[in-house]
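Lettered A, B and C in written order, each chain numbered from 1.
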Amino acid sequence: MSEAIHNRRKFVSSIMTTVTAACAIFAIAVLILILSYIAYRGIAAINWEFIVSTPKPVGEGGGIGNAIAGSAMMTLLASLIGLPIGIGAGVYLAEFGDKWYGNTIRFLSDTLIGVPSIIVGIFIYTLIVLPMQRQSGLAGAIALAIIMIPIVARTTEEMIRLVPKSMREGALALGAPQWRVTWDIVMPAAASGIATGAMLSIARISGETAPLLFTALNSRFYNWYYDKPMSSLTVQIYNFATGPFEVEHQMAWAATLILVGLILVINIIVRIFTRKKF
Amino acid sequence: MERIIDSQLDVLRDKLLLLGGTTEKAVHRAMQSLTQRDSDLAQQVIDDDKVINKMEVDIDRLSVEILALQQPAAHDLRFVISVAKITPILERIADHAANIAEAAIILNNEPEVRSYVDFPKMAEIAGEMLQAALDAFTSEDAETSRKVIKRDEEIDKIYDKVFGELIEMMIRDPDSTPSAAHLLFVAKHLERIGDYVKDICELNVYLTEAAFIKHKKSIKKLKKQAKREKK
Amino acid sequence: MKSKISIKNLDFHYGPNQALFDINLKIKEREVMAFIGPSGCGKSTFIRTINRMNDTIPIAKVSGEVLIDGKDIYAPKTDVVSLRRKVGMVFQKSNPFPKSVFENVAYGIRINRMHSGKSDLEDRVEKALVDAALWDEVKDRLNSSAFGLSGGQQQRLCIARALAVQPEVILMDEPASALDPIATQKIEELVVELKKEYTIAIVTHNMQQAARVSDKTAFFMLGKLIEVNPTEIMFTNPEDQLTEDYITGRFG
């Protein structure tokens, strides 16, 4: 190889390294900027009362306690519905989904991931809210669950496909039936990946506003029942942010900071629990 | 496809043939020094034996190297093993030639006791056998090897005859006893050379057919046994 | 001695491609048979027909007979689960489960419900680890992850796992191909040791390995069984010119 070509390659290589490094720094900088701006705007309004009390008329203070509770309840219910179905579907797709029907399900779930979430809201509105004749936490949770399922299913499938074939063969060679191989060997091997997928989907739904607008609506009070309208952080933020007063805007920032903080906590908790034991 | 081992096996074969040729020459010249009463030639044969010893060590080293580094199998393995076993045989034949040359020097200082009529015949047959054995090894011709093995009987016959004659001579003419004793050794050396050539031929049969004919237990028998077990 | 495994007129197809052609072969009880041949010659495919591992491939089709103790394992009534318990397998890449050392060995015992209680289970796991010459190295770390073991230890763990279900036949698919020479030597010593109790079929790319551990060697090429003979004959005087060319490295 001639000296000139060698030098040219070294030059191109260093340019590419610099460009990619710049892109990475830019991406992280944007994230840090957003987070710090939210913190800067929101931190002032946060106090214990804001976290536990219910909204009050403008100027009288109040808080987002019921919204936090509502978000938690709906996310919990959505997860209880969405995670098992999503994981189950993912396992099925990975282990048995090589035929035409598997491909069909895979295509449909990819399509569902791409559907705007407001459409899911309208769908649940038609299917549940109209027959029940009122908005409810249940309807909101189901809407969130529907958003969750395809995400969880596809990430679960990918994670399970990553489990080496040799590991399955090892279990099969000991005389384990297929379902036991999946349950005893493949699932534990893919557990941290599946949990990461679940975590991502929980983070995603806890940030959803659109599907809740039609389904869970909002509430000014603590509501512990799923059959009544329920407040949520995102809808509350939406309401604050679209209000005319500066006080409301500030509360919107504070609520946003809390939402981001909660998502961060979910992330950390799941990371701890799914840390590779074996 | 040219394998790395091929060139090394070629070198090994060349070295062995060179050793074989040198040994052949040593036997021939030792006998010449005896029959033509040429002590200088005899001394040369004795000196050349050192060269032959060196060649032996050289071949041994190469054989071990090929075994260790190339890990030959099948025919290659049999070839290296045959060469490694033939080499010391050739070296021993050369030793016998040197011994004959030593005897020649002593005998040449004595009056000629007897025309050596039967000795050249013995030496001729031994020389022919050695040459044929080495040719057969080069061409991996087991048939020729088997024929050469048979010729050893000719040497043995002449040896018996010479042995008898020399004993008779010692009884008849006690003064000739020292010389006759030396001649007896020469005859014995030639007879041993015949035996060694036989061993070379047996190794060639092993190389070509993987058959151990020396002790009559051939691999073919083992194979038959294996086949019987299969059924 | 009776044949433990007897293969008759075995053909194997992957979809339209035939991978094995009319294989006829017998492996005696407590015999180690090595399978050698160029990559893609069908030797791995072949040993995987002995425990029906190829069943997992939908397009695979087997015809002919594979008899173990005189019974055709491809007969419709064959219980694949008990077949695989009887015919253990060790793979090319060590494939421990994402579990502890103990649980790896216990797994096969558990799924086959072979133990009568906790202490029996522990005894069985210990025996398997001892038999796989691994006990002394792992007895103090039974509850730590199997992935923490070295490559050679992981492979012996996989052997222990296979031994734990008390198989009669052990199939080994290039068990030492990913290991360093020391670990390889340990596996080879183990094979020679295991021969006392088990019938072993071992696929290997390493001809010296085949020479060292096996009683008989079978040479495959392009899906055909070219030659099977006692190992010392295969390596000193093979019958077939193709075998000779392969083991002396004239093609590959």
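In this section, a contact is a pair of C-beta atoms (placed from the backbone, for glycine too) under 8 Å apart; a residue touches a chain by one contact, two chains touch by 3 or more.
Here the structure is a predicted model, which is why all the values come from computation and not from measurement.
Novice: With chain centres defined as mean CA positions, report which chain is farthest from subunit C.
Specialist: B
Novice: If you average all the Cα positions, which chain's own average lands nearest?
Specialist: Measuring from the global C-alpha mean, the nearest chain centre belongs to C.
Novice: Need the CA-centroid distance for the pair subunit B / subunit C, whole Å please.
Specialist: 50
Novice: Measure off the straight-line distance from the CA centroid of subunit A to the CA centroid of subunit B, and report it in whole Å.
Specialist: 90
Novice: Quick one: in the complex, what on subunit A touches subunit C?
Specialist: Interface residues on the subunit A side: 98, 164, 166-177, 180, 184-185, 188-189, 277-278.
Novice: Taking the touch rule as given, give the residues of subunit C at its contact with subunit A in the complex, in rising order.
Specialist: Counting only subunit C, the residues touching subunit A are 51, 53, 56, 58, 80-85, 88-89, 91-93, 95-100, 107-108, 111-112, 145-147, 158, 161-162, 165.
Novice: Can you tell me which positions in subunit B touch subunit C when the two form their complex?
Specialist: 1, 3, 5, 71-78, 210, 219, 222-223, 226, 229-230
Novice: Hey, which residues of subunit C end up touching subunit B in the complex?
Specialist: Residues 1, 26, 28, 207-208, 211, 229-230, 233, 235-238, 243-244, 247-251.
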